[in-house]
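Going in written order, the chains are labelled A, B, C, D and E, and every chain counts its residues from 1.
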Amino acid sequence: MMFAATNLFCERDERVLFSHLDFSIAAGEVLQVQGANGSGKTTLLRILCGLNPDYSGEISWAGQDVQNIRETFNRHMFYLGHSPAINKTLTPLQNLRWYCASHGFSDDAAIFMALAELGLVGYENIPCYQMSAGQQRRVSLARLLLAQAQLWILDEPFTALDKQGVTELEGRIAAKAKAGGAIILTTHHALQLNCPVRVINLDTLIGAAK
Amino acid sequence: MKSQRRTLNTTACLCAGLQRELLLALRSPGNTINPLMFFIIAVSLFPLGGGADTAYLSSIAPGVIWVTALLAVMLSMESLFRSDYEDGSLEQLLLSPQPLYFQLLAKVFGHWLVTGLPLVLLTPLLGLMLSLPVAGYMPLMLGLLLGTPTLNLIGAIGMALTVGLSRSGLLLAVLVLPLSIPVLVFGAGVVDAALNGLPVAGLLAVLGAILALALSLAPLAIGAALRISVN
Amino acid sequence: MWQWFYKLGSPRHFYDMTTAFLPWLYGITFFLLIVGLVWGLGFAPPDYQMGDNYRIIYIHVPSASIAIGGYVMMACMAAMHMIWKIKMADIVAKVTAPVGGMFCALCLFSGSFWGKPTWGTYWIWDARITSTLILLFIYVGVAALRSAYDSESSGAKAASVLTLVGVVNLPIIRYSVDWWNTLHQSASNLSLRVEGTNPPEIWIPAFFMGFALFGIFLLAVILRSRNEILVREKRTQWVQDLLDRDVQEGLQRA
Amino acid sequence: MKSQRRTLNTTACLCAGLQRELLLALRSPGNTINPLMFFIIAVSLFPLGGGADTAYLSSIAPGVIWVTALLAVMLSMESLFRSDYEDGSLEQLLLSPQPLYFQLLAKVFGHWLVTGLPLVLLTPLLGLMLSLPVAGYMPLMLGLLLGTPTLNLIGAIGMALTVGLSRSGLLLAVLVLPLSIPVLVFGAGVVDAALNGLPVAGLLAVLGAILALALSLAPLAIGAALRISVN
Amino acid sequence: MMFAATNLFCERDERVLFSHLDFSIAAGEVLQVQGANGSGKTTLLRILCGLNPDYSGEISWAGQDVQNIRETFNRHMFYLGHSPAINKTLTPLQNLRWYCASHGFSDDAAIFMALAELGLVGYENIPCYQMSAGQQRRVSLARLLLAQAQLWILDEPFTALDKQGVTELEGRIAAKAKAGGAIILTTHHALQLNCPVRVINLDTLIGAAK
């Protein structure tokens, strides 16, 4: 068992989003967090990855509380949020170089390969604001291929992608799971992965809590 | 093409952060020139508003140059975290496995290199325009050289606190401007002392000490503030 | 007449017409420049007050007029571009900004190098000098704004708006000497307006130099416009033909 | 609850736009208070920087107050269109069937109400700090009252031109400050004239004329600039 | 025939997005603009609604060129873009009040009803930055119910909505069409409207143009 949350509780503005939330995810598993708009999926994911400290409960990585091993955990975790984390005045290449460097490596060949795989050949050196919404999203997703994280935490990764993009990303997620990764994700679209998916539904949880 | 992953040490990572700041400045070359233009124009306003009498100008010169330098630095800070916050890069910075302290230091230093340093180098020209006596140039530049990085660091704290939500924007005024007053007082004091033939080493040492303090503590404050802001 | 203007509004015709016109402009400008320089520097007598320093006027006054006149031209072009969407007007406006800015800088430099011997200082916060500096800032601002946009058409429109707004500075430069108690001009009794007080040996070469500098300005604007036309129209047939022909001629010569 | 659609005339629509500006100022007080704080702190720095000699202070007072007021207004403009541009409200404004000219006028007026007017009201305090002679207060305030709306309108043009540019930063200052110099010169001139016992009505009339000109033309320029920026 | 585009042409950075594009849409029709990421859907929609003037060709409303009847056209057209046009520091109520006023009416009761219909009861008076991505999107969509426009131009309106939200919006679009409205929209998700949908595919168009 690699990543676990025990007895998580979070409230926002006096409204309990979830309480007594327990789950764990091991290598090879995919966990989908479901729930209606405003049910707390993003909040949960940000708590898990360490961006939101307003919770009670325990989150552990390889048996250790993540709060004590922040840097190690960050090295093994990849988070993709609602916002793309792409500077629009920089080119995809420059954006991804910085991402790599901030994770302690440099590998231009891999960046070019990642961009090619996402269908952005020819766009490596144009500033990102000159791209469409979906293309910007793809630059952001290229980091998935560069990061060598074991745990992926993806918040609505399919946003703005066209049909082909969605299918490819689903394939990548399934492949990651098969290769021993662990994925926690949210999405409102009907996932079609050819690997088993566990589901946590925050709506029913809330129902229980209320 | 075969992937050849090269591991980088911390220094190399910091250099990459620095490089990104410089790249961002380079992407819109106006951003390096505009603070300077602002500096020049704002300084030129004083003779226009107050009168062009040389004695009058040289009497206000140290104060005016320092105030406008502060303003130029503070305005240039606006861009430091804003876009990173809005596009989510800040989250990634906070989640990166490299030490945040040094990453932030690299970021602020990069910002100073492209806005603060040229401003210092431009000062003699403005001194000329305001008829600053010759004895004032060196102290003015040395003071700015020690003072602007401090102003950058203080401004970065304010920006980090306010970048998240405009509702806390009050903090920028309440926190940052009062904090930078000591720098201004000592900075303008250095020039005044020099013009009156007094020793300036002590005052410069104070500015240096403030800078050392800011260098060691500000990144911690910035980091903490950013963690609050992204939440 | 209208036909002629209409034709000038099309980049292609502008290019063709200036091709015929350019050699003449080169010749006249060169001639005026030589005469003005030789006469002004070699033969005109020294001023009884300022000695040889006054000769800066041969650069200073024309460059000041051109800086202002160039802005007026740029503003007209901007208006034409905004109202009638004439592409050629925008091309001329675009290339005028840096050229006019150069002349403005030339006026400032020559003025301050003149100021040192006459007023004893390089710089003084005088109304006319300040407003010339502002004019330079506006030139720089217009060019910077245009280059800050990535889209050519957006940059063109934004620069046009700013150019038109900046027109308010022109009356200020013109009348600043009246509004403000000023050092400029009053320190020198040498003025082109009162030709009677100065010997013709001084002001006639000034006219030559004036027209020569104006010729240089025109040359710079036209040459840069032609360049800009080629860049913007590079995919049209006539530019392709033109380039092919040039290549052919080059090959033949080689 | 039954829907009762009430058609509004143009004036009522403009009031709604005005109301929104005021609400925004209330929601994020930092945007309005920062410029004011800057105004106070920058002005109060001159006694600190240049010496507290009364004669000296009162000689620099008109110029310093006008220049800092100008800078404060420009500082405050930064927030005028920024958030509207980023969240897409600006697009909706441009697509709204109400006349853009008046909507923009309402917006700038609302902005002036929360930043410019307090600044004018604050001026006597700063005059006191700088030992401005009694005869100078009325002309100073009247001049600012007529001048700050013009500065707001000019600043809005610059802001509209640069809001679409990524990290436009201080390009704004470069565009706008040269244009606002006439206001500054006449504004400071009013106070100087009053202190020297000369009539001020003529100068005030000039400021009023500039304001009238800006009121009638600036919204057109702002509108054109915004259309370019959203593209 | 109420809204028509003739011989539209647009290029960006020397790349032709579409050329010789002709279409018209009449009352009761739904037109879906399809295409891969970066094919020019957003650009087309912004051209149609008048935000992007960099095109050649003609766009007409009720037989008149829209450039000549900007204000009338704006009165009859509703545009929803990638960005929500919601000020995050204001509350939904304040945001919508301003929207109504800028369209020349005031109707608080309708605003409350619209918010209720979008499932935002209780959120009327909290600032929008305290809402989830989907809830913010819903505030933006509330304007659909308030606007009395005949022509809707919607750029990926389903983004960030949960399943129920998507279904409801689809229902609203179909109802609008049946009530005599006209809708032009883009989306990457599989539309399920119970009314006929015409499709323009920009990918195949480009193929033809190239």
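One rule holds in what follows: a residue touches a chain if its C-beta (ideal position, glycine included) is under 8 Å from a C-beta of that chain, and two chains touch if they have at least 3 such contacts.
Keep in mind it's a predicted model, so treat the numbers as computed, not measured.
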| item | value |
| --- | --- |
| Comparison of A-B and B-C (more C-beta pairs in contact) | A-B |
| Centroid-based (C-alpha) most distant chain relative to chain D | A |
| Separation of chain A from chain C, taking each centre as the mean of its C-alpha atoms, in whole Å | 58 |
| Cα-centroid distance, chain A relative to chain D, in whole angstrom | 45 |
| For chain A paired with chain E, centre-to-centre distance based on mean C-alpha positions, whole Å | 30 |
| Between chain C and chain D, centroid-to-centroid distance (C-alpha), Å | 34 |
| Per-residue overlap in chain C, given as positions that touch at least 2 other chains | 130, 137, 140, 144, 148, 151 |
| Two or more partner chains touched - positions in chain A | 82, 88-89, 127, 130 |
| Of all residues in chain B, the ones touching two or more other chains | 24, 27-28, 30, 34, 37, 41, 48, 83, 86, 165-167 |
| Chain B to chain D touching residues, read off their complex | 24, 27-28, 30-31, 34-35, 37-38, 41-42, 45-46, 48-51, 56, 59-60, 62-63, 66-67, 71-72, 75-76, 78-79, 83, 86, 162, 165-174, 177-178, 181, 184-185, 188, 192 |
| Touching residues on chain C, where the partner in the complex is chain D | 82, 130-131, 134, 137-138, 140-141, 144-145, 148-149, 151, 154, 157-158, 161-162, 164-166, 168-169, 172, 179-180 |
| Contacting residues of chain A [partner chain E, same complex] | 12-13, 35-42, 82, 119, 126, 130-135, 137-138, 156, 159-166, 188-189 |
| Complex contacts: residues of chain E adjacent to chain D | 49-54, 71-72, 74-75, 77, 79, 81-90, 94, 97-99, 101-107, 109-110, 112-113, 127 |
| In the complex, chain C residues that touch chain B | 122-126, 130, 133, 137, 140, 144, 147-148 |
